[in-house]
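Each chain gets a letter, A, B, C and D, in the order it is written, and its residues are counted from 1.
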């Protein structure tokens, strides 16, 4: 069978520097899934972009050939005219970009941006396209497709934006889908749903898939073929079964070894100590008003957080997991005073054990400056949180400059050191943010947050874009710093394995509510809430022989209406959190 | 390259987990930002050439007197509207060095034009480092040495002479002193105010925005024309033309900022919602810092383009003002004054050289444009 | 705050500002020493035409020019009664032009549509030239397209308008038989609109549009180019390309909209410039627009006429800023006008 | 002689045939003026054709009244007063004037032109409280006294004063005449005393004016000429209404002049007056778009006009301007600064300043040597011209100027060689201009150079003309530039009032002028003997009974001006380009271009110009 896409001997470089992709070869057959895994910064994204020829201006394809078959005649994408290329993009080959936050136009409604593909390639009318898009939105797990259709990107959570990207790439039902880490920002149940959808499409129309991911569990569940990349070179490639079962290259082995998993030993977690709380959130709610489409329609209110109560003890880690769009980021932002809670909510911060609590939501200027020295944030979307016109060095030293710490050269040394600790090269300091890979930017963001040696660090999905080995390195670093400096973390993640490893207590959120809260050991072995259970079930494992039923686990969470009577809640009737055993709370009716 | 029996491909190059693929040059790391920008700028050839050209122009300003054969208001009453004289090198096939043929004027009462007849028999060599009209070097040191002057008893009008028999070339040289400097003050004032007030309105929003916007609205609604008319009566009469013009251009700047301020404000209203601005704020960055380091750089291109575009407006602003009796005026010399004199049909059709000042304006403006473009490019991260 | 509420709120502010502006306008036009009638009388005397003086005296009484300035203002607005009872702006009476000896409304009414015509032509010209060229210059930056358009634009910008107009008139007439000055062949004046008249107007519009438009076009083009270049590197542009959009459509839909922000901010200026933007140019080109009327009115201190025109322009300015504020919100959904929390 | 057989014009033929207009015999007065063109060296013309001309402001359509030059009395080409609209006039000692109208003379709407029209003006307009709050115009007041006016019969009007009013008839012949008559039949519709109140009120409402008086004043615009309904006596009547780019004027069917062939004047059927921007007049003339153009053209346009002659089918003629001086500097003897005022009042200083002007160079640079350099005095056309007056203090003589300044005590100089005033300030003469004429700027530029040599710094300051006047009148300006006297060709009957400090418009003595104008209520009394003498001489002229007396007064006043240099003239008789289409006939080759007396083209009788095809 002729492969749908074949990449031969591809090398790509930036400017006159050494190529970042060297001699890459692979083939994808129709209907087949190829997983591209590898180290962060190894050139996966660049390779994928080369297929569609959307590389940064200064990137040069040094050698190589990319051929697309399946049409009337094979097309050499590397030599095709820009005009012809246009017909391929979005129609026969579409791509899900790694960083959906930046990849959507901030000024256009999601619905418009997604429907556009259909207008362009299918010549659909606005109405037809809308119907189609709403369907796809529903299938990628938007709880309220209508609302998403009329929202602007900034009104959506990270995961929602990613789903919009996915929908955009899939509505046109392409021959080949290139998905660059499509599910990093999704909770596992939604991830299952999306992956299930992709599988379905593959079966329906024989779509081929290039899946860039660092989640070996996903690889195990989806891929027929695997290509492992490291520093721009292919280390190993072959059928998924073979590679996963018996990795041949030392790098592959090293990578697989690093994969974390939810430990399967039963244990009883200790509840979070309550005496020295560094951060306390009491009854925090947040309601957004969405910009109404026209002047006459009523405004839509969105309850991003509802009555969230969280306590974080000094030197501990509180993790928040939950459905995408359930208000995790919102809660984190409120915790840091970036957003004000609705009246009635309180956020209290205690700089050190013997000091007064200060109310984050009503601080004076001076107090705020002091607070900001102590509390830092790693943003969910590192790309957006770095000024595009600031070199990394300046971005890194900025917190020190603001708080006037150290001389210029000391600041620079510290920046270089931090960069090395997150696995980046200090000579990247002079680059601009856009010249990094997704995972590298994420690490930049972490490094920057730690520049000030804060006492509280809010990490919003800090490792989602990292391959397991680098993730391992980062987690180790976080733990080490915590031990050394008694740092406290508010840690948001979708990866239960990571959470299991790092958290002292886990809160599970759904639709703005904390539905269950417990130490990880307790939670993972004695989940009470149906949603928690569904989450755990949906966590894919990097074992090719134990595939999960994507469809089934995707349904697992279901809508609250399908839950058993005890857990059901609606907009008006919300049960309260009940402490089952010390440190284990569940939201249920008694 | 290794292929395992199961069809797998395995790389056989030695594996070193610590190796790094990209090595930036060491010097880049130690270089301060401006050096990086400069390096980048150097690659923009047109920008570089323009920059050097402008630098030379400005360096030349103090020496305008030395470089021009005449002083600006020196009249040759026998050579009104003399056409440009060309500098010759060979006389009757013989090399003589730079010389000119003297010209004499005749009144033609048929056409009412002056007719100039060159005397091609007597080549008169141009004098160098010679003594002629007195001027002040750099406005301070009196001198009468010129780089080159007319031969004894003849004239040297490289670009012709005007209605009063003044050398256009020399006037352009002197005119540069005013045209290239005073107008810039207006730009600076207007940019200073526009950026400061615009960014405050845009970044802080709310009450401050409301307040600044009302000022802008009122300023913009205020009619400029009557203001000028009132002003022209109010300026003390013994002020020299330059100081009047100086004040006018400052006022021009003061009235001119709202346009820029609104652009800045609009952009900042949207930029302040960017995540990186939030990030900076959450790190404790002061408002000033956020504006300077995060917002302004992202609006730099617009500012550079706007600044470039104001330059011709400022050089020529006086021509519009002289309509109202407020422009620069004799004895001050500027390009606008010269063009004002040339604003009639005769200058276009019969004495086109009196409109020559258009050329330096265009050249200077284009140079500023390319300089700005080069600057923009070297600040643009995506071009790196 | 919803758009509608915001718009209403802006409107109320506008009215308030308008009142402030009206007072300032009135003061400013009365700043130069003297007033219309005394100037007129002086002028009549100076040119030996003392015969006209008596009538001027009549007007001084009739229009309360003998009262203090603040009273004149209040009468003009219509807050207090004048010699003939209430008859101010609020009562719909725009006043009397001494210079033209007719009600202000008549004079303004006549030239207004020509003014709008000329300036709309110029604005259209600016947008039609500057938008595509600006986009093109950005898309093909550092190529001959870019350089040529910059050169031509700056050529127009760096030539004084009047000189440019003279050159164009003179050679235009000589080689292309274009008309010199005016906005239509006088024989069509007052005629109903016909094809011929239309043609005459269009031909007459060529030079003025070009002269008024070039500077604006160059400015818009270069700024647009700069703003667009900034946007072209952004990831959302790549997304659009990846969708397979044609460059022209992609550019106009995404980066252009983003780059348009500073221009929308300045749309406020578009409206008043439709009326007053080309005052000096109109004067030198002899266009029968409101511009020359305004300048004459100002120079002769024909105060009700100039005050009305200026108020009208001010009103347009305020409406312009209001519209641009509302448009900004529509253009960029992220924009909020609320203040910082700190 | 008798009236030649009259010919109906083709222009009105259709109306006459249709019975809308009476035939020409019934339209012209019983005794029309029969113009003997051949006797004046002009051709007899053929009626018809259109004349295109341009003006620069919309209100300048009133130039048609100026060019038309139909007045009660007019100047003939020798500047003698002759009756025009009047059949005749009698003057008794300048005290009683009897004006006799033409029998059967009609307004352009066919209504009779009789003494009732004079009466209407006198009783119902100028002496009406509401229409003219300030009463009859100044020229009718002799020492504050108003005339006795009587209307003995329909064709006679008598004006009489107890003291002489020698200026009365000349005033009637002005370029902008005081119309002492109004089309009463027409205007009565708008007069509160005559019209039906209800109808009038409605009319007032419609026109959006405030009172019937305003309405009347608006309709009554003999000079503005912008009301096409208002009957006129001018050769052309306004045929377009409203603010237009081009105004049409058509021949007046009731005009009172005919040629010896019996053709009713004017020859030209239609005058089209187009309003163009000042800067474009030359360009449009150059393109042959004007048949007769003087206004809006400057000497500097000559070269381009000459160049366009071939293609434009016109000729450029050079007439002479009639002002006493083309450019004159007026040191303000009433300047508010005490020190400066004393300096400027020192005649030696004024003489030095005049001697410091290189008039020949200015003449060469600006006028191709075609103007006449010299001080401000009358032109050779005037019987009072004397070369020595023109030459007085007018030669360029920096040495003598230096000596005079030294003599005046201004001996100290600063480092730049500028003389110092008694109080130590440098001698910087600020000359304010109206900023309208480039030639003034160029001339002052040349003066700047030569004055610097005598230690005087000239600072030029262009302003707007109204602002300039206001500054001068209030004593805030040190010196200003304007034309010389408007009337450069006075005759013995011309009032020399403008030579004496009687009016603030003579920019050298605004305060003295105000004093005279307001009978001492404002301003200052002249305190310089020469100025006082000028006033005396004016008195003498006014009370003189013979031309010889008047002439002596004139000559002495001119001598005083030449000696005292109240206004420092630079040149006179500057050439004025006149563009004349090759189709035009009867336009003089050489002539004087003067506003007063002469009404620009008016005195050259445009109604006699015709178009030859």
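Worth a mention:
Throughout what follows, a contact is a pair of C-beta atoms (placed from the backbone, for glycine too) under 8 Å apart; a residue touches a chain by one contact, two chains touch by 3 or more.
Remember, it's a predicted structure, so these values are computed and weren't measured experimentally.
With centres taken as mean CA coordinates, the chain nearest to the overall protein centre is C. For the pairs A-C and B-C, the larger set of C-beta contacts lies at B-C. Measuring from the averaged C-alpha position of subunit A to that of subunit D gives a distance of 89 Å. Inter-chain centre distance (subunit A to subunit C, centres taken as mean C-alpha positions): 52 Å.
A separation of 27 Å divides the Cα centre of subunit B from that of subunit C.
Our note on geometry: subunit B versus subunit D, Cα centroid distance of 48 Å, whole angstroms. For subunit D, the set of residues that touch two or more other chains comprises 279, 283, 286, 464, 467, 470-471.
In subunit C, the residues that reach two or more other chains under the touch definition are 32-33, 162, 166, 170, 233, 283-284, 299, 332, 334, 342.
Residue positions 229, 233, 273, 298, 343-345, 349, 381-383 of subunit B are each in touch with at least two other chains. Working note: touching chain pairs come out as A-B, A-C, B-C, B-D, C-D. Note for the complex: subunit D touches subunit B at residues 279, 282-283, 286, 300-304, 306-307, 361, 364-366, 368-369, 428, 430, 432, 435, 438, 441-442, 444-446, 448-449, 459-464, 467, 470-471, 476-478.
Contact residues of subunit C toward subunit A in the complex are 2-4, 7, 233-236, 238-247, 253-254, 257-258, 331-334, 341-342. By the touch criterion stated above, subunit D contacts subunit C in their complex at residues 57-59, 126, 131-139, 171, 174-179, 207-211, 213-214, 217-218, 221, 223-224, 226, 240, 242-246, 272, 274-277, 279-280, 283-284, 286-287, 289, 464-467, 469-471, 473-474, 486-487, 503-505, 595-596. Those residues of subunit B that touch subunit A in the shared complex are 4, 6-11, 13, 15, 17, 19-24, 26, 28-29, 31, 33, 36, 273-286, 289, 293-294, 297-298, 300, 379, 381-384.
Residue ranges of subunit B in contact with subunit D, taken from their complex: 73, 75, 77, 80, 107, 109-113, 163-165, 229, 232-233, 237-238, 240, 322, 324-325, 329-331, 341, 343-346, 349-350.
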